[in-house]
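Shared chain: chain A. Partners: chain B in the first complex, chain C in the second.
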Partner chain A sequence: MLLFVLRRILLGLLIVLLAVTTLYCLVQAAPGNPIDILLGPRGSPAMKAALEARLGLDQPLPVQIVKFFGSLLEGDLGLDIKTKRPVAELVLERLPKTIALLAASLLFASALGIPLGCFAATHRDSIADRIVGVASVSVISIPPLIIAIYGLLLFAAWLKWLPAVGAGDRGDLADQIYHLVLPTLAVALNWIGYVARLVRASMLEILNEDYIRNARAFGLGEGRVVFRYALRIAVAPTVTVLGIGVGYMLGSAIFAEIVFARPGIGKLIYDALLVRNYPVIMGSVLASTVILVVATTVSDILNALIDPRIRQGQEA
Partner chain B sequence: MGLLGLVIVTALAASALLANVIAPYDPSAIDIPNRFSPPSAEHPLGTDQLGRDVFSRTLYGGRIALLVALVSTGSAAAIGLVIGLLAAYGPRVVDNAIVLVLDTMRCYPTIIFALAVGPLFGAGLGTVIAIIVVTTTPYYGRIVRTQALALKRSEFILSAESSGASRSRIVFLHLLPNILGPVLILASMDIPIVIAAEASLSFLGVGVKPPTPSWGIILDEGYRSVQHTSWLVVAAGIPLVLATLGFTFLGEALRDTFDPKLARRF
Partner chain C sequence: MNETPLLEVGELALSYAGVPALHGVSFRVGRGRVAGIVGESGSGKSTLGAAILRLLPPSARVTGGNIRFDGRDLLALSPGEMRALRGTRVSFISQDPLRALIPTLSIGRQMSDIQYRRSGGRQRKRRRAAEMLERVGVPEPEQRLRAYPHELSGGQRQRVSIAMAMMMRPDLLIADEPTTALDATLEAQIVTLLRELQAEAGCAMIFVTHDLGLLPELCDEVVVMERGEVRETGPVGRVLNAPASDYTRMLVRCDPARVAEKTRRLPTRSGSWKASDPPWLGPPERIRRGEPPVLAVEGLEVTFRRRSWLRGALGTRGDFVVRAVRGASFRVEQGETVAIVGESGSGKTTIARSIVGLQKSERGSIAVGGTDVTGLPPRALKALRRKVAMMFQDPVGSLSPRFRVGRLVTEPMVIHGIPTRDRRGEAVRLLDLVGLDASFADRYPHELSGGQARRVGVARALSSSPELVVADEPTAGLDLSIQGELLNLLAEIQESIGLAILIITHNLAVVRHISDRTIVMHRGEFVEQGTTETLFRSPRHEYTRRLLAASRHEPGESQVKASARTGDLDGETP
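And then the complex of A and B:
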């Protein structure tokens, strides 16, 4: 098990390394170069050369990449162009807000999706199963941006049940959770449907397996069969999908943070984008990539804990 | 559900194609005195901050949405098909390299990737399509590779090989028809996601540029003036919800009809 965990962590590091290098090269290869964007149309060639030298962009690409990783290891992501604050500080300040939103969404999606899928599978072809089916397909496809905006209008502007903007008072946990409800809904709604369908499909497959028939033949109660034997295995693909899904949730979180003016990473990227604050954009995208890779790695390790077969190296 | 999807999709496609006939107004005709007017007989969805007719703009927006969806899904599927077949039938080194690149590319979710790269290329229709193609191609490449590898060992391919068929004959005559099905189904299920992505990117300002009437732009303008009126943003969301629902229902029905085995994999 320890070996498996170590291998997964190494693979995760390799992917971060590759992803960051690719992104760095892409940014350099793109036609609009960051220097021109930073300086705007009025930048003189001398200013350009000076800024290039300051940012180390006049050196060959491999040297740049090595230097970039070097400063990365020291926790240096460069300086914010507007406020001259270190980007790393900005990112770390915003990160908890986004992670809280992602965690709440994961929790919400599984807390609703898994029971719904399990219920639909055990009541196959009933009216309730059909309703869960149609409802999950419908919520899967609605863009999170629309859910955020409609949610804002309905629950915050018209009904006034929930707060519209911000992340709540610092130190007041209840207020923070209160402010988390609508953004979580916007990020998680798609995933409730997705998880419900996934759990239903894998439950149906597993309930047909021999060992479930055996368990029933031994006279075990239906509740025990469903929860102890079937659901445990049926949840495994959901954990994988949610691990990969964190990336998409991060994309949705950007919209939720913009619409509800929640000061997280997404809002940081968006605000930086409006003024073309390139170091901040790169820093936040880097942070998002790390969140993503950590999430996939954790979900793989969780999966190995749930289903011992995966540990035996079948995951490659 | 499939029928409902078909009806919605047909209606959307027809209204987008015939936008110049159906639309009661020019989508960019500015009429400041009548700005923010509520829905009425003259303006079924009201007017925006410049007095432009929202209904007409939504109809023209459908053209952009469908154009982006068809072009980018088509290109991603075609590129993925070639890459996937290359990986499955090329030398081992090529296969390993392709898988590594595809898996790295899958690391970036569309929106995050777009935010990092979009501003460098400048907003515009081409950028949106390029971003969507880059982020969705890996999925096609992966599925084509898996399918091709599985089929490579199947008996009908082995028999074609043993009777001396050339490699190109096997790939084009025997392999391709069997791979095209899953790819087309994946593409049909991808369309609603792409439509949502185009609107989302345009909303963020890295997609289609105003004053082009894209659903994302209308939504963005509606959101900016949400303090004046809220129905503008409500109206802009309706076609987007309808389009994604319609295409999803249709894609699901297609998948269930033509490839029930695939249902378990997604």
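And then the complex of A and C:
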């Protein structure tokens, strides 16, 4: 098990390395650059050269990348081109907001999706199963942005049940959770549907397996057979999908953070992109890559906990 | 015998989503008696077993009849009452040991869980589990309790299933083809074990099988089923020796182990073969011993290495090496049939894969038509590879279900770059060769019956006009009548186009009839090879003797009597 975890962490680091390198190249290749934006149309070539040298943009790309990783190891992500604040500080300040949003979404999606899928599978072809089926498909097909905007209009602007913008007062947990409700709904609603469909499908498959019939033939109760045996095996694919799904959720989180003016990583990326603020883009993308890698690593480790075959490096 | 029987099934009728699967099935099982249920696949044997336990899939509906167990009507019990019977009074062993146990829980956990009705703490339950494992012949039971199912071999997993089924000392044990997925030596051991346990516990047993040979070993009575109906019931000796129904007669006739004389044409369901026909061995000129032979293998060695880079880097342990084939040498002449026999894990399939180029060999040479193919550049190799075709165990199931048969059959021609102007014409010609008419070209694989699917597999193997067909377990999982058809088909094609065949199998009853020469393999080594007659009549190697003894090679000889002589075969590898 330890070996497995070690291996997954090593792999995770490798992925971060690759992703950051790729991104560095992509950002630089995109049209527009921060020098022009910072200096405006009247910047002289001499000023440009000086600024380029200061930002390290005059060096060949590979050198820039190596330097970037070098300073990364020291926890230095460079300075925000506009405000001159250290990017690391900026990212760390925003990160908890996004992580809270993602964690709440994951929790919400699985807390509702897994029981719903399980219920639908054990009551196959019943009216309840059909309702869950139709509901999940409809929920899957609404884009998160629409949910965010309509949620805002309905619950915040019209009914005034929930706050419209911001992340809540610092130090006031209840207020923060209160502010989290609508963004979480926007990010997670799709996923409730996905998770319910997925769990239902794999439950149906597992409940059909010989070993489940055999467990029943030993006189074991339905509760144990369905929840302790079948469900445990059936959630494994869902855990994997949710791990990868964090990437998609990050995408939705950007929308949600823009709509609800939540100061998270997504909003940071968006604002930085508009002005080609390289250090901030790199810093925040690095942070989101790390989130993604951590999520997939955790999901792999969870899977290994569920299934000894994965733990021992065999395919399941 | 005026007491009520333990189990009495009366006029049971059942359907799956409206399609009838059982039509008025009636039989009874007395206390402490063993009833065999025999029939070909799809005849409803498993359905019947599941119906008794009331563990049918949701689409199944009982449409009539009753099941009385110890005087109680099982179909009228509440789910709770039914559950109280399961495991304690009626228990179950399923067919495929690889799918029988929960893959994510340790053996010990599963064996403790099923004792939930018993008193005692965790330790006591584990101790009971270990004792039971010991009883069914699982070595080092304490350690095995900590293992997960995938860490045990198929035979061991089946022993665990048996231990679990017998742990609560049931009155009735239902065993649904418990040995079908195992090879002959393991089968003999499991049958012996079941018989011992049944006698010890004095329980009744329903033993489901499609293998007639097992019936006399275990059963008192036999129920013969076909297409959801009972064709015949009666004492085992009477049913097998003087069958009353045509169907039972057909089954008995099709069992190659019951055909005394060597013959290359096996009896089939529809065939006109009669026991009085002279044995038919094919024209003697069929085999042409020429130089070079179709296939000559010299000193072949194949080694598997499982390398773990991290383990290597940390230096904790070296590579895990399995020497699957250790110096194999043999040849196959034109038009000859050669069989390689041995238990699963003995390296048979590895040899087959090496010959068709799916497996790299460590040392040795493989010459096809006189040219060594082991060191050949890919282009030259391609032309030679055409001469050797592989026929897979499940020829159609392993192919894309989205293509029609016509396309599947001619696919190897495309792979080998054989120019064809008329692919459809070729497909029809190949289908004709295997006795299927042109309309089959437009079918999809799922529209074929088991026998038809095998024929398509043969056609596919023949499509590159090979000189040698390598058939890996061609009879595995086949009903006796279809098995006979398939093997006769291969023999006919062999004569008409002068094909050589290399058969990899553990079905010795079949090998005895159809192969000219036989090679016995054990743990990666050839322990004996010779003409089939000599090898079966006077085996020289100890292992060959044990293998033959375990496989009922003589008609009428009791298998278990034979396997009592075999001692414990320990060839099992997890």
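Structure notes:
The rule we apply is simple: the second predicted complex is superposed on the first by the 300 of 316 C-alpha atoms of A that agree within 3 Å, B and C clash if a C-alpha of one lies under 4 Å from a C-alpha of the other, contacts with A are read in each partner's own complex, and residues count from 1 in each chain.
One rule holds for everything that comes next: a residue touches a chain if its C-beta (ideal position, glycine included) is under 8 Å from a C-beta of that chain, and two chains touch if they have at least 3 such contacts.
None of these values were measured; they are calculated from a predicted model.
Aligning the two structures on chain A places chain B and chain C in a clash. Of the two partners chain B and chain C, it is B that touches the larger number of chain A residues. When the two complexes are overlaid on their common chain A, residue A:Thr22 makes contact with chain B while staying clear of chain C. Touch criterion not met for A:Gly70: it reaches neither chain B nor chain C.
Judged by the touch definition given at the top, the superposed model places A:Arg224 against chain C, while chain B stays out of reach. When both complexes are overlaid on chain A, the residue A:Arg216 reaches chain C alone and has no touch with chain B.
In the superposition on chain A, A:Pro96 makes contact with neither chain B nor chain C.
By the touch criterion stated above, A:Gly166 is placed in contact with neither chain B nor chain C. In the superposition on chain A, contact of A:Val134 is made with chain B only, not with chain C. Legend: residue contacts after superposition of the two complexes on their common chain; A:Ile306 is shown touching chain C, with no touch to chain B.
Only one segment of chain C in 236-244, 362-370 or 416-424 runs into chain B in the superposed model, and that segment is 416-424. Residue ranges on chain C touching chain A, taken from their complex, read 50, 53, 55, 57-58, 83-88, 91-92, 94-96, 99-106, 113-114, 116-117, 148, 150, 161, 164-165, 168, 308, 310-311.
Contacts from chain A toward chain B in the complex involve residues 15, 18-19, 22-23, 26-27, 30-34, 37, 134, 137-138, 140-143, 145-146, 149-150, 153, 157, 201, 205, 247-248, 250-252, 254-255, 258-259, 269-270, 273-274, 276, 281-282, 285, 288-289, 292-293.
Across the complex, chain A is touched by residues 1, 100, 103-105, 107-112, 115-117, 119-122, 192, 196, 199-200, 203-206, 219, 223, 226, 230, 233-234, 237, 240-241, 244-245, 247-249, 252, 263-264 of chain B. Against chain C, in their complex, chain A makes its touches with residues 3, 6-7, 124-125, 208-211, 213-221, 224, 229, 232-233, 306-309, 313-314, 316.
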